[in-house]
């Protein structure tokens, strides 16, 4: 059974953590700005490249350079919000959805222009995993990813429930016009939403890039699974998104485990269908998501 | 640049633009009239394309097929199979609220794509189906065949337009828009909301299937790369929003304008100085992204905005 | 006057990450032409068309190259799907020759192309069959196979499996995997449990292939890998290290004898771009681009109708041999009316009646930081 | 007309309507009053089929309609308005009215696509009716305005108009008067009385303005905390100690003459 | 007494179309002012324009002697203005308690607990519902939550858009008593009402708005007794 843990569960948790961090931003933007942010994956990419560039100049563990990636992603997010999303705020949200498609293209092409479209790695070489109890193998990076994600989740939970800003976010997410009537500066709340969403996206981007390699399509390729995670957790429920991400990540890997016969339960080439299957099933039976998010 | 070149470029833009116009009209039925957020256009497009290709190709050991039916039957099959797929999808999730339906349909389209690349007995998987016939393919060759195909495509566009327009100005269309605005009160007014939604979704999907069929016969070769969501789902949404959702003329105009912009930007970026030449494609993507923002902000309700159909006034 | 050369590539689509070195290779070929005396009576001007990795985009981009840019001949595209779509709906109707450096789909052989569609890689069937023989010759009787689920992976992978079994090998596990995933450990678990002697990986080093090799080594699941040209990438050595790949070997299209043209091109490439040149499809892309220009020169004008004949003439024996970078020599020979025969970095390219090449597959092992060819199979 | 038998409704917690039974007599105007949160709107939702019952039955003209969907109930002549306006926001006022009317011929896709002549006459009638409704509600000046842009009160009028457009046998009116100018409300009352008298249309209305209730209703049903408190003539109810306690309070601002 | 709120030659509307034109209105400190008028007259628009929720095209608004014409809503709340809109006036998925809490974000009161106690004693019904999502309340209960939220910031001027719409007579009474009560605590009130007769009784001043123009203003008493007003806006002589 140790194979199950080493080769299915831990990789599942790792990719799940990446989905989770990305999904938090998607879920928050969905809750507060009410649109599906299609450029979120590319925000991850931008964050990842920010750190990659920093590593070229300061060759230390990339995780220590996270602030560079986070800063770049925040700037990018605030800029597109200001120039591309804000002018459309009063229109039906479908316009913003489409605009975010366009922003996704813009981010991706900028990444290709600045960093080229090839694969680039943070640190090259095979990194042999740590072996614990003789059989349990886990790479250092995976340990870091999983534990950092847990820490972030806990911090985020306290921020959202305890801080005034966190609570104001919930109010805006619930009824933006009334929040304005109540005197909340909704634009400020929106800005903070982007700050948090972009920070977590950048972190996820670096994790994903370190786990494999950086390339301009990195985030775009993860986007649909992250949407599934956000829906699974319940729209506008950041904690739900974390749980949703972990579930999707683990489910994708574990579904290919030979549960019944010697053959994988689901052919690996159908792996990404697992996320959507779970999502569609959930939408039908519990549309508000696991965490009782907003019904749109 | 010679005149005939320009002419044939125009022909190719209009063929692709026409196929997109069909897709856009279909989406307009679903979203513009029915408020159904279908983000899985590529899935139904693909189903239609494969249905038509399988129905019309000659026998092959590599995939299901060998029916060798005439092309009109292929296109009909595309509509029927895509419509049935749409019906099954709608049965499951048409009750979902807007964005959730979007998520579900993205998911289903992705699952359809995986089925297409994996079930090679049916579709020959990622290797694709070749030898898909063109209408009158035996009679006309070379570039003039394109002109003939242009006529075929635009006949379809016209037919679909007339159909959509009839739907739009009818009480049926009005009820649909009412449901889009407020489901509960439509129910209270005695409208069978689920039935209307189902009909809308199926009609839209069948038309998307038709577009898929048209593209399969255009390319004469069908592989998963013909159903890339970026170029099908995404672009069609952009076209509809730019053209004016809720308006059938807007849908066609949006398809043509956006496809032309998409295509023509490359003509300009390929004229960049040599140092930029390897990056011109990315610059083009950047440009497309920026133009899109411009269109969204400057033409807020689309090039041809939604109008309520004229009610006779006396 | 200058002559435009159409370069149709899948620049922004799913294979975007392979493209930069290929664009470099194509540009290098153009540079060699212009430095070696130019094309016809002017310069060669490269015009890129981006298929965006989709059929729609391929047809549109090819259409623009043909109708707006008015190119006499097109190099590309790279993926089979985009290549065929562009050929069927744009190039063939317009009577333009299209030469793909990398499209391997067997379907291309049968297209009614009026002798307009060419390629310089053997079809999938060939490399798969050769690889099967290579593996058996090595004495390996039991392998696990994984291939990426796209036209490249399925084409070679499937043929390999069939040929290997037919020749008496045992495929203990066969897993088709998706591109672009982060972890392939669960696939590897299935593959390793079956207990093969080696893992055959038909995938790109820059995508799933590299990840699979790395994760297999990290997980202690396989030590011996057998790869195809998609995996035979210097980046793989840089990332995994020569030591870990010591027992592995790779197949890739090459030319019959020990091929000096390849090392020559690699030197030229590295000198120009100061990066390693041993990346998938760099050789073929350079060769194809160079050959399209040779064809134009041979035809003596940018007349599309003469391209097919000219292309066949410069590619096939007999004739005076020319290789990568030999533009000045080739131009002079053509001017003298002599027949030439281009032998490239990736093979000697004699087209059959379908516009396909027979090709030779070499066997490569890791030697230091580069690959070394140790055998050739026809 | 309608009989409610032991109806219970719950939104997941305790029953907000608990074992309520009453009749709405045909051809009469019945009031439904009670303090805020008594479960009146919930009762309407239950009758119209917008919430599932946790128990009990509902009959329309003697037939059990408990298992019917809202639109099927509407087809049998039941119309209702919403307390919080549920307009078709992107449709114009006229279109709102036309959309509310039953247009079975024109709503059939097959007719729409292949036999277009068939619904012309139906459309013409619907249009006339809608135009008359606009005139009746005195909202001519906004008839081509999108309903989403109407003022709060105008939306309430629209609710009423849509319900009338359905040509129902019984209409459930949920606080149609709240937010309507009193002068106009008086006119609406007259029309309701007229419809009742001339066409025998049955009404049941929830209202907090007792003047208005007493002017219209023959009888009122009083609900409190999810149960039926009493039923009787308006004056009778006004005197009842329980009702006064639960509903009226001190009556300080009661606008009695 | 100086005017706490003064509106001069105000013009406003939606998308370039003026809905209210040339409105002049003074609300003195510590008074209750009522705006009445037919549906669609622009009453809500006037309140929204004062609270910077609708764009103003001309005119000035001053509060406590200070010009507030250009300020944003989020700047007005800390100055001591609160509003209860006509519809969608609660946060549906937040609990009642959280709804009240939101009222304190923009202008935190000195003693939040005391203010909350105060509000709950005004609306005892809400006590049982503190943990319930506001979207699950009845129409009248929502109205109470909305009022409660507006009072949490201890405003000087309260703008109310039809606060008694949908409230039972008992609550109508409670609300009007309450308005008199909070006026005693120094709060000025400007409200729109359709329960006009009752409202004018407690009002110091009344304004009748007809098609976007200030038709007639006067003391509550005088409007109640004005024949034209009675006939056209208070439901005729029936009452």
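The letters A, B, C, D and E name the chains in turn, as written, and every chain counts its residues from 1.
Methods note: a contact is a pair of C-beta atoms (placed from the backbone, for glycine too) under 8 Å apart; a residue touches a chain by one contact, two chains touch by 3 or more.
Note that this is a predicted model, so its numbers are computed, not measured.
Looking at chain A and chain E, no chain is in contact with each of them. Rounded to whole angstrom, the centroid-to-centroid distance between chain C and chain E, based on C-alpha atoms, equals 75 Å. With each centre defined as the average position of its C-alpha atoms, the distance from chain A to chain D rounds to 48 Å.
One simple way to say how far apart two chains are is to compare their mean CA positions; for chain B and chain D this gives 43 Å. Distance between chain centres (mean CA atoms), chain D to chain E: 28 Å.
In chain D, no residue reaches two or more other chains under the touch definition.
For chain E, the set of residues touching two or more other chains is empty. Within chain A, the positions touching two or more other chains are listed as 109, 112, 117, 267, 269, 272. Here, these are the chain pairs in contact: A-B, A-C, A-E, B-C, B-D, D-E. Only residues 51, 53, 72-74, 76-78, 82-83, 85, 88-94, 98, 101-103, 105-107, 149, 153 of chain E touch chain A when the two sit together in their complex.
By the touch criterion stated above, chain E contacts chain D in their complex at residues 14, 37-41, 44, 86-87, 125, 136-141, 143-144, 161-162, 165-174, 176-177, 194-198, 201-202, 231-236, 238-239. Interface residues of chain C, counted against chain A in their complex, comprise 11-12, 14, 16-21, 149, 175-178, 180-183, 185-190, 193, 206-207, 210-211, 214, 217-220, 235, 238-241, 244. Of all the residues in chain C, the ones that touch chain B in their complex are 11-13, 20, 23-24, 27, 46-50, 52-61, 63-64, 66-70, 79-82, 84-85, 88-90, 93-95, 105-107, 110-111, 149-151, 153-155, 176. Chain A contributes residues 30, 36, 83-84, 87-88, 91, 94-95, 97-99, 101-106, 108-110, 112-113, 117, 224, 227-228, 231, 235, 267, 269-270, 272-273, 275-277, 279-280, 283-284, 287, 295-296 to its touches with chain B in the complex.
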